[in-house]
Amino acid sequence: MSEYLNIFLTILQRDMKLAFRNKAEFINPLMFFVIVIILFPLAFGSDSALLKQLTSGIIWVTALLATVLSLEAIFRTDFEDGSIEQLTLARYPLTLLVSAKITAHWIIFGLPLLLTALLTGFILSLSEQTMMALFITLLLGTPILSLIGAITVALTIGLRGGMLLSLLILPLYMPVLIFSMLAVENASIGQSIAAEIYFLAGMLVLAITLAPITTATALRIRLS
Amino acid sequence: MSKLNVKNLECIRRDNILFQGLNFSLKEGDLLQINGVNGSGKSSLLQLCVGLIQATEGEITWNDENISSSRYQFQSEITYFGHTNGVKAGLTSLENMKVMHALSGSRAKIDYSLILKQIGLSGMEDVLLSRMSAGQKRRVGLTRIFMATSKLWLLDEPFNALDKSGKKIIEQLIVKHCSSGGMVIFATHQTMEINEYPLQHIHLGNNNE
Amino acid sequence: MSLYKNLHRWFHQFASPKYFYDISHTISRWTVIICIVCFVCGLYGGLVLAPADYQQGESFRIMYVHVPAAWMSLFVYMVMAISGGIGLIWHIKLADIVARSSAPIGASFTFLALATGAIWGKPMWGTWWVWDARLTSELILLFLYLGYIALQSAFEDRRVAARAGAILALVGTVNIPIIHYSVEWWSTLHQGPTITKLDKPSIHVSMLIPLLFMVLAFKTFYITSLLIRVRTEILEYEYNTSWVKQLLGNHNNVTN
């Protein structure tokens, strides 16, 4: 059992080391996130009351789009340099190794995205309850995005036409968006968000259970 | 006694029939070279034997069990060096070797510096692969066979990036592995100079064997 | 034991592309007839015989196209996912072909459901589009279909395309209930009670029977068009084999 933990940590560490040495791959989507958020006050006027209502929604939608941009990085170089082949042939289950890679993606991108989103919300003067709801939904939601994203990016890596990934992924992301925004709205009017949080937590558990093995299967299919 | 058996193998890539009805078997101590020009299916044959791609016809068995049905059992007994190197350009040689070693599941203690010296990269433990030449990167990939403890080795063009002395070192390593009961299949278009050990051949491309 | 053996043999024979090609001619002849009969009965019954609904007047009649189309859009997705799964697990080429061929048909049904839904909604709400829960779910389903078709066409190797598509379809299958449920939740909270759902009016036998005819008509239409597509795909998949070469050769001789 500890052997499995060790190899999980080894791969996790490997991917994080690689990310730190190639920061652009993960900083660029975060920059994209911030820039797109800035577009909205530019479009609607900074004092607009409408904008105030839309802030959390804008943050969540932009977070989705930025995540889609960051996903390619999980597998692209691994495909090109043959590391995926070696992972497939290793003496450990591919599902385990893939879980390590997805976890690495969340730590490198999902967590910073969470913090950046919260910072943005703070700067844009969201209320305390809204911030709390934003925090919890992003905390539960960003791992779901990484997990579902991993499946889709494993299917589409290296294919011509960069839009294909977005087309496939965004319908799958919609429930996460819907429930997070419902929670944020309920929080802003002081109502309980328990139901939405339970649903998000349920989706997270489902994703943790099914996504790694599906991603592993998709990778094997792409190698053949 | 371990045995690899290939029966009636057919390989179709992109609607081209690369080979059909291929039969051979390998037992402990066997050293097999696959010859053929580019595109004749050498890499595909190795990928089939490793289990990365599926054959359209035929069967590959390891110890009389189909390699797809006993995948983990089979994979724990092979080391594969592929067309791409299987190393990360963003890591140093030492870091790459440590990951390779960890993935192989072997607990043995490895002297990484010695291996690097043997393959002609002495002193380059902490050099990032992105700063190395293509040949040097390929050698770092080759270090996996120095660390390998598995029975069957499958190597795709292992001599490509090497000079004469490097080639000799790998040849000696392969022969040593076979003499102590291991099995090696390698694909190359180069001519080998292995005189002290029986070398079997398969030719792809002209005839369907 | 022999029943199992017979089933096994029949299953494998059925899954052979050549056998399926031969029997599909016979099957599709029958399904075309059933389809036309059902369409005539259903349309006549729905458009002429059935009484006008006391709430919605004549406009409810669009349901005779909208409801079967919506049902079929989901049904075909299930067929796509299941046959994709069969092809993935048991490496049966015909299953891959059925999955791939079903996708455009299913997408068309979805588009038809959306269009008729919009047409149905216009007299009721005055706008062409409204964020009704069912319509929104159908729209997302359309994107799932389009994504599947796009993914399959992005691969050159058909076998890899089929298997990747199967994974996507299975992931979509898990997600469809989740998406539907979340959209419904969203819709009831946002739209409020003023928007009525695009539902069948309280169903009376004279309204129900034409609907059942239409459902059968749509189903047989799907089977017929599926068979036509599958026949063509089989020829493309198997063009290397002798029986296909002979078949095409014969046709060439006849036209010359």
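Per-chain numbering from 1; labels A, B and C assigned in written order.
Here is the rule we use: a residue touches a chain if its C-beta (ideal position, glycine included) is under 8 Å from a C-beta of that chain, and two chains touch if they have at least 3 such contacts.
Remember, predicted model here, so these are calculated numbers, not experimental data.
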Per Cα centroids, the chain farthest from chain B: C
Middle chain, criterion being Cα centroid separation: A
Pair joined by more contacting C-beta pairs (B-C or A-B): A-B
Chain A and chain C: spacing of chain centres that average the CA atoms, whole Å: 33
Geometric centre distance via CA averages, chain C-chain B, whole Å: 47
Length of the line joining the C-alpha centres of chain A and chain B, rounded to whole Å: 37
Touching two or more other chains - residues of chain C: none
Per-residue multi-chain contacts in chain A, two or more chains: 224
Two or more partner chains touched - positions in chain B: 54
Of all residues in chain C, those that touch chain B in their complex: 91, 156-157, 240
Residues of chain A touching chain C in the complex: 148, 151-152, 155-156, 159-161, 164, 167-168, 170-172, 174-175, 178-179, 182, 199, 203, 206, 210, 214, 217-218, 221-222, 224
Of chain B, residues touching chain A in the complex: 50-54, 72, 75-76, 78, 80, 82-91, 95, 98-100, 102-105, 128, 141
Chain C to chain A touching residues, read off their complex: 140, 143-144, 146-147, 150-151, 154-155, 159-160, 163-164, 167-168, 170-172, 174-175, 178-179, 181-183, 185-186, 189
Complex contacts: residues of chain A adjacent to chain B: 3, 6-7, 10-11, 14, 17-18, 21-22, 77, 80-83, 85-93, 97, 223-224
